[in-house]
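Just passing along the structure, written as structure tokens.
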Amino acid sequence: MKALLLKGAPHLNSERTTAYIMWHVCWALLPAALWGIWSFGLSALSVLVVCVGAACLADFGFTSRFHRLGSLSDGSAVITGLLLGMTLPPSVPLWMAALGSLVAIGLGKHAFGGLGQNLFNPALVGRAFLQAAFPAAMTRWTPPFLSDRFQSFLAGSWTIPFARPQLDAISGATPLGLLKFDHMSSHISDLFLGQTAGCIGETASVLVLTGGAYLALRRMLDWRIPIAVMGSVFVISGVANQLNANYPDGLFMLGSGGLMVGAWFMATDMVTSPVTTGAIWLFGVLIGFLICAIRFWGGLPEGVMYAILIANATVPLLERFTQPKAFGGQP
Amino acid sequence: MGMSIFLMLGLALVFGTILSVAHRFLHVDEDPRIDTVADMLPGSNCGACGEPGCRAFAEKLVSAAAQPAGCSVSATEQVDEIAAFLGVDAGERVKLVARLHCGGGRGLALNAAEYSGMSTCGAAALVNGGNKACEWGCLGLADCQVACTFDAIQMNERLLPVVHPDLCTACGDCVVACPKDLFTLEPISQPLLVQCKAPTTGEAARAVCTVACDGCGRCVADAGEGVMVMEQGLPVIVQPLLTSRSATFRCPSGAIAWVEGSQFAFEAMEV
Amino acid sequence: MVLIASAPTFSHGVHPADQKARSATEPIGRMPFVREYSVPLRQHIGAASEPIVAVGDIVQRGQLIAKRASFVSTNQHAPVTGRVKAIETRPHPSGVSVRAIVIESDPFSSQQMGASGPRSDQALADSVSDAGIVGMGGAAFPAHVKLSVPEGRTVDTLLMNGCECEPYLTCDHRIMLEHPTAVLEGTAMIQTALGAKASVIGVEQNKSDAADVLRAASKGSVSVAQVAVKYPQGAEKMLIKAVLGREVPVGKLPLDVGVVVHNVGTAFAVHEAVRLGKPLIERVVTVSGPAVSQPRNLWVPIGTPICDLLAFVGLDQLDQYIVISGGPMMGQAQKNLQAPVVKGMSGILVFPAAHQATKEYPCIRCGRCLDACPMFLNPTRLWLLTRNRDIEALNQHHVQACFECGSCSYVCPSHIPLVHAIRMGKKLVREAQV
């Protein structure tokens, strides 16, 4: 008998590691991202690559600078970059995409203390920064399936930093924008099958749903959050639609904009979502309510981003009032 | 515009009145000396005096329920100053310092196993009593260093805590922090120290630690009448004399030591 | 995902691979006698026993060598015929050395037990106390204490614990398979002593052969409840919830809901003590784990050094091992293999150190620990509160309700030693109360 090792019980560990879960989230995001590349072409591809690359670079820099636990191999930076890229318009200047990634990782994650410490979803922090700093570039939409999408970049992509962006010859509008500003509805099937203009990874709701459902079935995301978000959005908009036909119906709400990505991949971000059962349901319903409120009555056509960020801020409070009742404890 | 200025002035008047009335009628009379004495105390709230903080101790001092020398953190001049201010006797002051009853650092005491897990003594002690072959010995993971408010403890190359006698205020935080209860507070004027807590004797003790007390009893015989006794395999100092240094002379392992100043040194490891 | 809908169980918990096939199929063997035995005077919860032999005495196998010191304490008997070599402080599997009676075995003895004959099953608690029996499931609480019902309390159900939910361990499984009538008779005696109306044996579904054997042997006198395979199904409170649907309140005992739980191994020991007059001088120990070449169950005399036991079963050649007393989820890693087998030791497992996950990641707040905790606690929060030494908040979050099953650490994808931290938190709270 040679050397003995002493270690606290238990001596078995589940094979699910943090890295394993994170990489699976990446794989589950891929179908929707690939669809975005297919429908928006070279520009979309380069936005995603730049976002992921910049996020990894920034994370590597901050992690080694501050001697933080965690590393690139755990995949969390890749998720942040990928999610950010997927929520940007295809024509966004690449330097903005890179800047967004830097803000997402720096301000959204490492300013709070690194992996596991952040209050807000890093990708959404990056996106909120871009939305506030460059509103014009963030709301210029490209119609899908342009014939030369794999031959040339969109006009905005290679804009020099801080120069006035060139305008695209052809521009589109998102279904939510059409509804808000032009009172035009879109076909539900177009929404779900990715036939509309919009952010790179958000158009094909069915693919997002598939990826999310895969993760939920493998217990790698908390199914209760997307169900609560989607359920509350569906019910609220359904009721609103019944009362006043100007409001969109439930299916339109679910299929449009970033709702699917938000519900399945952003709200479920483990770090920024609650851990207690009661808080999980409240959190989902709150997001659903906020999405409806912003979309219906806000100045912006889309509200998923702000809804999730606001809900993120309520998590400590929600958890405080929903601590689990111990087995055999007083209610 | 005029309206709002008028409104703000009115509010200011109302609240000002309330405050001045409150100040007059809700005033609590307090001995002003408490504030002065509290300012003269070190303000570290270490609890060595037995009070929850410096201000509580100041209240005790002013009401003569304690003596200024009860603060082990203040320098002698400071204590005298407080005594002079209050016009009381400073009290007897015994400088205590934290001493470790184990000398079995790295390279001296045998490790029975390697420990992997949370790097605190408290956590390590929960896993089969820690990784040392001697279950009474210092685990060397620096819980005392972390607990020390005055940065008086630093781990040396042998992973033993070196207590700096000038910085140590005998607050007792390390005594509480040590899961093996190895620290006691001893008068610094008393250099005779048993650096072992293992009740094992003979070969059983020597096999696991080169500086263990094996209970041979020479120190008790050499120390002189009534200075020490053997209890459960360990010498216990009953009534130390300044001449009792002789107790350490024939100790085969150095488990009983004559410690003046720092207990352990920072040394270059000979491995 | 396998959905077992029918079997009753508790909420939450985890599903580690049970690894029982390695040792479950072979009949219980016998560990040969070795040279030296060390019988610790404290092998149980409660006061240490008081030795009644002196160094140099010749003792016979089964002879009483130490008496119980108080009500919560036990007798100790010689596991072997031989000479008392020493009564001194010796290593103990808990890591805290205790006084032990060291017996050098007589190599020429036939190792026959001293004649004592059957004991009374009328005053069962006395007989069990005489025989030095403790709970055989691991906690080692003196068994006679749980055989008498305090005045003013009633017990309606005796629950026999045959779950053995810890992976690798199969000692209870083999006892149920090989000695079903003894287990049932022991159960009947305990039931009579407690005045319980019914007795139920709870067995996990992965031991359905044992359940069938018990059912066939009992002819309906005792009901056998099959429960789902889930860890920690064998924890008292979880088993009561699964079988009887009752929830033991926080800080209370099963007795408070009219139930007493005993291990099936205890029932077997009670039967042996009463019918054959055999005190508790040996027990079945599962010796298993990835590094053991021939995993099996063995009758091992109490006091056998762990190293001798391991030498008998054979180990793989490795650089570094973890030797665990008990199961892999709650068992304690050992630093000194001179420590003896004690009455509450259900297994000795050897793992290669390389198997152990050591790299710790930050908590990503995934909440898996909350979904694993059978006590419905918030392990990640308790971990944080322990690091901050927030004793008041630890109490508010029921840190003392944790029975250290380790499910939280098992599921943690970041390999945070949650249960280890919670044990520290419990210690903090205990120290603060003093």
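By letter and in written order, the chains are A, B and C; residue numbering begins at 1 in each of them.
To be clear about the criterion, contacts are C-beta pairs under 8 Å (C-beta built on N, C-alpha and C of every residue); 3 or more make two chains touch, one makes a residue touch a chain.
Model, not experiment: these values are computed from the prediction.
Student: So which one's got more C-beta contacts, B-C or A-B?
Tutor: B-C
Student: Taking each chain's centre as the mean of its CA atoms, which one is farthest from the centre of chain B?
Tutor: The most remote chain is A.
Student: From the mean C-alpha coordinate of chain A to that of chain C, what's the distance rounded to whole Å?
Tutor: Using C-alpha averages as centres, the distance is 49 Å.
Student: Chain B to chain C: how many Å between their CA centres?
Tutor: That pair's centroid distance is 41 Å.
Student: For chain A versus chain B, what separation do you get between their C-alpha means, in angstrom?
Tutor: That gives a centre separation of 53 Å.
Student: Could you pull out the residues of chain A that touch at least 2 other chains?
Tutor: In chain A, 3-8 touch at least two other chains.
Student: Would you give the residues of chain B that are in contact with at least 2 other chains, written as numbers and ranges?
Tutor: Where chain B meets two or more other chains at a single residue, that happens at 112-114, 116-118, 123, 126-128, 130-131.
Student: Can you list the chain C residues in contact with two or more other chains?
Tutor: 320, 332-335, 356, 358, 417, 420, 423 - these are the residues of chain C that touch more than one other chain.
Student: Of all residues in chain B, which touch chain A in the complex?
Tutor: By the definition above, chain B touches chain A via 112-118, 123-124, 126-128, 130-131.
Student: Can you name the residues of chain C that touch chain A in the complex?
Tutor: Going by the criterion above, the answer is residues 14, 16, 167, 237, 241, 247-250, 252, 307, 310, 315, 318-324, 328-335, 337, 349, 351, 353, 356-358, 360-368, 370, 373-378, 380-381, 397-398, 401, 404, 406, 409-415, 417, 419-420, 423.
Student: Touching chain B in the complex: which residues of chain C?
Tutor: 89, 93-97, 320, 332-336, 356, 358, 417, 420-421, 423-424, 427
Student: Could you please specify the touching residues of chain A with respect to chain B in the complex?
Tutor: 3-8
Student: Provide the residue numbers of chain A that touch chain C in the complex, in ascending order.
Tutor: 1-14, 16-21, 68-70, 74, 76, 114-117, 222, 270-277, 280, 323-330
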